[in-house]
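Quick one: the structure is below, and I'll ask about it shortly.
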């Protein structure tokens, strides 16, 4: 049963299984295990990014396509939901049609871009998507009458998903059972389902073919696979998944703007999460996203402590000042690529042998 | 049946030009079902290019390729594969990070047309796995089935090339120097496989080889390419005896002929 | 019990410099207003800092964390308007006050406003209107150049509105993408539009952040067509570029030598003493916010949100810019602005905005946009 | 021994965790052709790469002209006058044939006389001088690889299976070329599967198996001794299965 | 000697095809003429054209280092933008020291100051390139994805170090006296500084072309990327060569940084990464590794941006990307690919 749920793709390493279980349990019971707004924010972010990163891995790890336009799809999904909610009010109908519309638009865009990849080489494709994504971001910021421009959109979501809605009056385990909690579990369960769907896709005959295309597209053609269609389908699937993740973010944040969805920075974060976790395995997305977001959220706090401890040393203390957390994130970038060349999952699985 | 009237494969005035260089020059030739034709010729004569034109890696400048009487000249590689053309490559060309079994399974999957099956688990298609294992035992690679291809010795990789072709089960099989770079003791294994293919199935085989003893033992017919042109075609013994083959290919004639262009 | 204040602002990211000023100002404002005790009514003031990283989602989470986990009484911030807009609903949700400083977007106290929002910084309209008042005279022709996004377009719209009735004529609006590197084409279009106009001709530039076009347009010698460049004030570092523009006119929000009042005197002296540099734009803003908080708590006599709102609506308080008033309708702090003209002094690193005229609160008709 | 240009004594080479060469002793006399035989995976290529410094021996010494070169870097080894024709041909496919040749002449401009000789040996070199080397046929690439190694006079040439994929006529041409080189005071260490070719040009021979030299001696002796051939080949066949 | 003759049939390549090969060179004049027709007013056209060409030159200077490193060494260096920024900061620091020279009315003194600033900036960014290559890039040769990540990491670290060294404020510096203002010809204004940029850009172009055409360096680097072992076996020290090329690329970024900084007059730690997308586009339009292509691409981008910004400002935003897409549809490898894209 469990293996069927995982599409037969078990973690294949004791430590990995343990880590994944810890992540799963922590996320499933996050509101109760780690009470507080910040930790709930972090947990929701992790859920959403697991889906986003996994959808990117579908493209990068399984199909071997480097694209910088993934945040564009993420953004399209988020804006779809956001626009529907702000235009037609906080109803479930608008939430759903906004989400669907976002996914459809993302699919159409992905189809066009995917077909373009027919013409150019991988590295050019990467650069083209980079340019397209940056143009898209500018476009969004210019069409402020629709998108709110740089300022983004603030909107309401159905009342049952907001803190104002109290499900029951008493607290359970000292936690308020309110709409926020509902919203979190919506994010959690949808993310879990999307993840399982992707796990199924990568273990399907289609997913296997993607790996073959990645390994040797030339030969894949010669045994009868129409490579372009596989690549394009993978691009579209991955875009739709990213768009759905975007919709989740839009619902969770009740805000959508370029900085939360379209920025190059997020794109790089996604890349790093995939690589840290391990490309070509969706479990890598889980670990990569979890670790990275934890680091991103708590590194600054940590550095605050370090800065105080070293305040006597003039140069060192400026280097570890919380303002310089990006510096250390950059260092982390470099180090993680060195130390996890095959990602955490690769390392754990190799360690098993 | 209409198909019976046609040779299984035919090329008519097949030509390809790279810049100004005519690599295959108006080659017209047809191949019958159940035959093994050896293609010989000096290095750079256009043998691999001819294969590429038939299987679709290259598209002809002019001329046409017909399979069972149907023109396939402008078709893409997968389309031709679907219609029954399969080939092995001169330089080994596999899926290096996948296992041996997965390599063959992918071919079986392609043949079964299941590539776009998105929501079933690949491992649940038992028939594909069985097919893969069957082919692997045929080529005596079943013991290495779980190895990753890139870790496989050279000879076994060549065998796997052949295995992929068998799993694909095309009407036309093309081998490009299957024994190149293989030590003396490995050669017979491959030859035996090709022999078996020829005997077991009613297939058409095209074979590029430089080793004359191999050709003698396998071929029903030899065609000779030279500077992209088809210069000889016929019974092995006769063709080998031709002076152009002796001179330009085997280098047997005493006097030197001409210098570089 | 301590009074907890959260300063939620973009400590890291491209606006790091603004952020530093803002924080220094806030702390100095609290210090000034409490005479250095950092206590109000016997309760200690504790300031918690949170970084938005200039990202709206993180800003939102940080504010929620401040209200929810740290249980602060009042929050101040942020630098960027986009982040501010995302933060507004959080204040409403937690029913706690947010004093916006120094984000400028009109919609913060306009369309997206809620009753928990106050703002000490000026808004875009105040900027635009003060400039319109400074430049607008009978017989003047003006073209605008602004960034092609909401901030630029709103700014021009407000400027245009304010220009009506001054007798000046807005002849051309040019918009350039925010990441424009080469302004030759834009300048050429502006020159083509202005060159045949009679009278004094201004090109008014509204540009926020980097990539400022002024010096590039100046290099094309607009004098040829009798075109003068005008723009608002800026932080000191950016006003170094004004050294090339002696005589340029415009209206600014703050320059440390302009306001004459005890608060500013203290700020300039203390800042010079502590940091060996004069206070800047956002230092003044931060200080205003600090003073506003202390005054409000004193006036309300508690940190209860409703009491604070009641106390602050219409509240007048002294800042480095003189008297400010929280307008009851939209909680925007009305404040004076300064019409300046650039003077160049070789010993000063930047172009010095010399006061031409103080634009008093009553000189400017700032529209209320939250209805 | 002064008349040995190259000698390996007790060379061990590891690739990652694998112990590939397990004590190779090999001598290459000055001025002749030494042929290295052995089944697939015996370690022939690894031996050549170890000499060239592309793998580093973990134990034992490689001597060249009485200098120990075991730990020198590849460029340094090359500059001592050793050329290398790798198993995979090592063609620069992005470059033209001419550019490939130009790079091979590391010590100055190409000597026209020598180039003319090479073009005569391998006509495609001339014909396709300005074509991208990646588009050459398999055999043409092999010719280019050998041509690069002989564009400048060298003391020693290491050649790894130069005849694979070559038409019989070209194999003959190649054999002749190697013979001619031998005349010009160039020593050759040749790895070959084609025993007919190897025996026609080799002076001395060494047979490898499992990372060791299992036989060495003169080529004439091996060529003439069917029993010995049988023994060596049989051994390798057995070892293979 | 040989007993075989291989005389492949070589036919003449049709003239139309040959013309097609040469076509890209014609694009720039073609675009300029099209611009003149569309704009109509010659004075406006001249102003825009010179400005566009100069902009193109500055982009070319910044892109040249990238195309060498990216095209020849197959290293995608996202850190290039950081070198541009560092170059600008170093250059500004030097110019600030030489304030006496830059404010002097003597053209010679002005030039000397700028030259010194450029040299110091190039030296520093070159050294930075050395560290970058050794520490960050070397372990990931041949792995694009990891290159993107580590160089992106390097970019962040370098930008943050600019904050540590120069503080978070943007830096402002006026151009030396001699380079301020414009020459006015009729109604057209030609900025002096832009002409300087054109001069430096042209000189760089000629020098690079010369080096790459007349020495083995370009060939060696390309060969080394494909098969480093073989290049070593031919006797070349490829590691050292890579290092030198990388340092040169970084130094060129430093040069670009000073030029760009003097154009912008206000510099920030992010200035380099902001312009990187444009620089990448130029490199791609030109074809990997091609100095000529990069040069033509940069001029096309510069001109087109100015023309469209004048004629139809709304379109300006996407004009560059449209140009790139159009060129890639026409020539999937860029105008003059030296290196095949993988």
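Per-chain numbering from 1; labels A, B, C, D and E assigned in written order.
Convention: a contact is a pair of C-beta atoms (placed from the backbone, for glycine too) under 8 Å apart; a residue touches a chain by one contact, two chains touch by 3 or more.
These are the chains along with the protein names UniProt gives them: A, E = Branched-chain amino acid ABC transporter permease; B, D = ABC transporter ATP-binding protein.
Because the structure is a prediction, the values reported are computed rather than measured.
Counted as hops between touching chains, the shortest connection from chain D to chain E is 1. Greatest Cα centroid separation from chain D: this falls to C. The most distant chain from chain E, with centres taken as the mean of CA atoms, is B.
Between chain A and chain D the centroid-to-centroid distance comes to 53 Å (mean Cα coordinates, whole Å).
Annotation: 38 Å between the Cα-based centres of chain C and chain E.
Note: centroid distance chain B to chain D, computed from Cα atoms, is 30 Å.
Here the CA centre of chain B is 47 Å from the CA centre of chain E.
Under the contact definition stated at the top, the residues of chain C that touch 2 or more other chains are 16, 148, 177, 179. Touching of two or more other chains is recorded for residues 1-8, 163, 317, 340 of chain E. Within chain A, contacts with two or more other chains are made by residues 138, 142, 323, 326. Listed in rising order, the residues of chain B touching chain A in the complex are 55, 57, 76-78, 81-82, 86-87, 89, 93-98, 102, 105-107, 109-111, 114-125, 164, 168. Across the interface of their complex, chain E is touched by residues 52, 54, 73-75, 78-79, 83-84, 86, 90, 92-95, 99-100, 102-104, 106-107, 117, 120-124, 127, 148, 167, 169-170, 172-173, 176 of chain D.
Residue ranges on chain E touching chain A, taken from their complex, read 76, 136, 139-140, 144-146, 148-150, 152-157, 159-161, 163-164, 277, 280-281, 284, 288, 317-318, 320-321, 324-325, 328-329, 332-334, 340-342.
Interface residues of chain E facing chain C in the complex, by the touch rule stated above, are 44, 47-48, 51-52, 55, 163, 167-174, 180-182, 184, 187, 189, 191, 193, 263-266, 268, 270-271, 274-275, 278, 302, 305-310, 313, 316-317.
By the touch criterion given at the top, residues 39-41, 87, 119-120, 123-127, 131, 135-140, 142-143, 161, 164-173, 193, 195, 233, 236-237, 240 of chain D touch chain B in their complex.
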